[in-house]
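Okay, got some structures for you below.
Below are two complexes that have subunit A in common, paired first with subunit B and then with subunit C.
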Partner chain A sequence: MGIVSPGFTGRRGGGTDLPPGQYLTHEFPVLSAGPTPHILTDHWEFTVTTETGEKYKWDWAALTALPAEEITKDIHCVTRWSKLQTTWKGVSLDTLLADVETGADFAMAHSYGGYTTNVPLEDLLDGQSWIAYEYDGEPLHPEHGGPARLLVPHLYFWKSAKWVRGLVLSDTEDLGFWETAGYHEYGDPWKEQRYAGD
Partner chain B sequence: MERTAIRRRLTWQVATVADVRRETETARTIVLDVPDWPGHLAGQHLDVRLTADDGYRASRSYSIASAWDDSHGSTIELTVEQVPDGEVSPYLVEVLKVGDPLEIRGPVGGWFVWKPEQEGPVQLIGGGSGVVPMRAMLRAHAVAGTTPARLLYSVRRPESVIYVSDLKELAASDDVDVRLVYTREAPAGEPRVGRIDAELIEQYAFKPEDGATTYVCGPTPFVETVADLLVAAGHDPARVRTERFGPTGGPR
Partner chain C sequence: MSDYLDGNAAAGALSELFAVDLTAAIAQCNGCGQTTVFAESRLYVDAPGMIARCAGCDTVLLRVVTTPTNTYLDLRGLTYLRIPNS
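And now, the complex of A and B:
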């Protein structure tokens, strides 16, 4: 097991339902790489661009007119905090992508403010991801990605792009913002895929 | 694959504590001897892993406080602020001693970094222990910087200032402008007590047209406020890089 830290006992009690190396928080920490963009819903738009260049667009009214789901999920940040049983409301990517014709394997999420993150398309389907616009019964606060963010709770939370404005589908896997800066390309918290090569 | 070659795998290394320096009542700088350290960019961080004698482990990330310079041998520095009720930071600040082993993994992070070849002035705005990665940047700048640099450092009171001697040295140089902002209690002769506001940004930060890259680091409310002030003052959001500090980024 390697070295022992002399005099360290640890706090324990983190819970058995946490992925390795995570600790429990009851707060909702904020992490982002730049200033928080403040996007009015009047100006908000979500675009899916396929590998052939075809575009599908939704404005705020169109998004919120779609069937929404109440989602309760644990979330895990690569900076090691986990928050259990968070509640969201949003539209499943299955719904948004239902009529999109694509054979692509990969998606790049793009955000207002320029953030990007890559996710395999299959991880966005089958009830695994949403465009979320409410948190804990309230409209999603800009600090936490409002008006709408991608929610992919089975991957480290940097994959759940705040201020999302679109997905670009592709046959090849490109790397997003943190993935280019040394973080893991996939980011499975249960396999502790924090950094490139983990 | 080309990408695999560039994306080096990070492995745990055993460092040895070479020295410790008390910075404030709650913060300590730890000098680590790391035989195989690959070097780092100013602003990057690393992971620290503690292991109890029964195998229980806890890890956290900390900013590197020193700049890397091959001529400096194999030491790096961390400055750790003790988090109340924290699990790892109290050990690092109160228990760890010279000669102890410490497992680390890094460096990590390629965004909140300053490189000497970067164009334009460097504006650093730190709150509390958010000044730690900025110390690495200022050290790197002192060695290789050719553009002007400014530090706006917000602290509660004079006793909360870390890197006092470094800052005095920097303040005396022509290349770097250091301005401390006291939020609770100021030293004698300093009339202003209060948080960083629009007026202070206007007065002490580079102007939008100066083309500076601005780095903001501190607790979440500090970072949110300062980043919003910068954008409101006309700074290009793409040139404002932020990093949140604290156990969980601070409560909202």
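And now, the complex of A and C:
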């Protein structure tokens, strides 16, 4: 197509593109629907359970022995803040799920503390999600979901489950903690899918 | 530092839904069976909704999510709320 001046590409807010209805923050607000679990890495475990009930497990040593990626992504919270160019280190779900035999379409992330959130399995693959254990060059702090959290930055940040401890794969889509209480089942910030029916 | 408020802080949001003051109601937790005044539950408000948890076992007693068009009220963590007939 033709040459478009940067002034006409819809850039705003100091040269950054934000999804509709979001504002830019340089803080990292802590949102929490319950007490912060303090999980020692010695006791940490991540489990993938397939639709046939087969379980795949990683302890902390196994997770951190896998190839890790440096990730730089914008994040968008449904409470309307966005934070740009956040930097993480973690293991791609492509790596973790490489040897998992499944034909499932959906995943439910489960966290220490009982939180859940549902994500289509295809949204966890192809370089779109990670189990992140460092933020900004430091071990991930418990208030931000450490020792490890799911990172699915192309969806609203409630999908990036803090304190993640497993995925349950399924042929049918069940709804997670916020999705059963009025929030959108998918949560694409660029389509402003905040609430059920958006 | 605690990251929650006491259940009295729910009075404003709940008064928009109920004609009685629920923070004074007696609540039984569906998780542990503990019976307390609702105001003694732990209220988390720095979240996409308002969450009240049992002070004894952290079970979610109540969730309130307000969208532009609806309010979702989830009470499944409460066995009952006992409200005195005044």
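Simple rule for what comes next: the second predicted complex is superposed on the first by the 182 of 198 C-alpha atoms of A that agree within 3 Å, B and C clash if a C-alpha of one lies under 4 Å from a C-alpha of the other, contacts with A are read in each partner's own complex, and residues count from 1 in each chain.
What we mean here is this: a residue touches a chain if its C-beta (ideal position, glycine included) is under 8 Å from a C-beta of that chain, and two chains touch if they have at least 3 such contacts.
Keep in mind the model is a prediction, meaning the values are calculated, not measured.
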Contacts of A:81 with subunit B and subunit C, given as first, second, both or neither: first
First, second, both or neither for A:32, with subunit B first and subunit C second: both
Touching partner for A:175 - first (subunit B), second (subunit C), both, neither: first
Partner chain in contact with A:21 - subunit B first, subunit C second, else both or neither: first
First, second, both or neither for A:195, with subunit B first and subunit C second: both
Contacts of A:158 with subunit B and subunit C, given as first, second, both or neither: second
Doubly contacted residues of subunit A, that is, touched by subunit B and again by subunit C: 29-36, 79, 113-114, 178, 180-182, 195-196
Subunit C residues within the subunit A interface of the complex: 3-4, 42, 44, 46-49, 51, 53, 58, 60, 63, 65, 67-70, 72, 74
List of subunit B residues in touch with subunit A within their complex: 3-4, 7-10, 12, 14, 50-53, 55-61, 87, 91, 95-97, 100-103, 105, 108-112, 220, 224, 227-228, 230-231, 237-238, 240-244, 247-252
Contacting residues of subunit A [partner subunit B, same complex]: 1-12, 21, 23, 25, 27-37, 79-81, 113-114, 143, 175, 177-178, 180-182, 195-198
Complex contacts: residues of subunit A adjacent to subunit C: 29-36, 78-79, 113-114, 158, 178, 180-183, 194-196
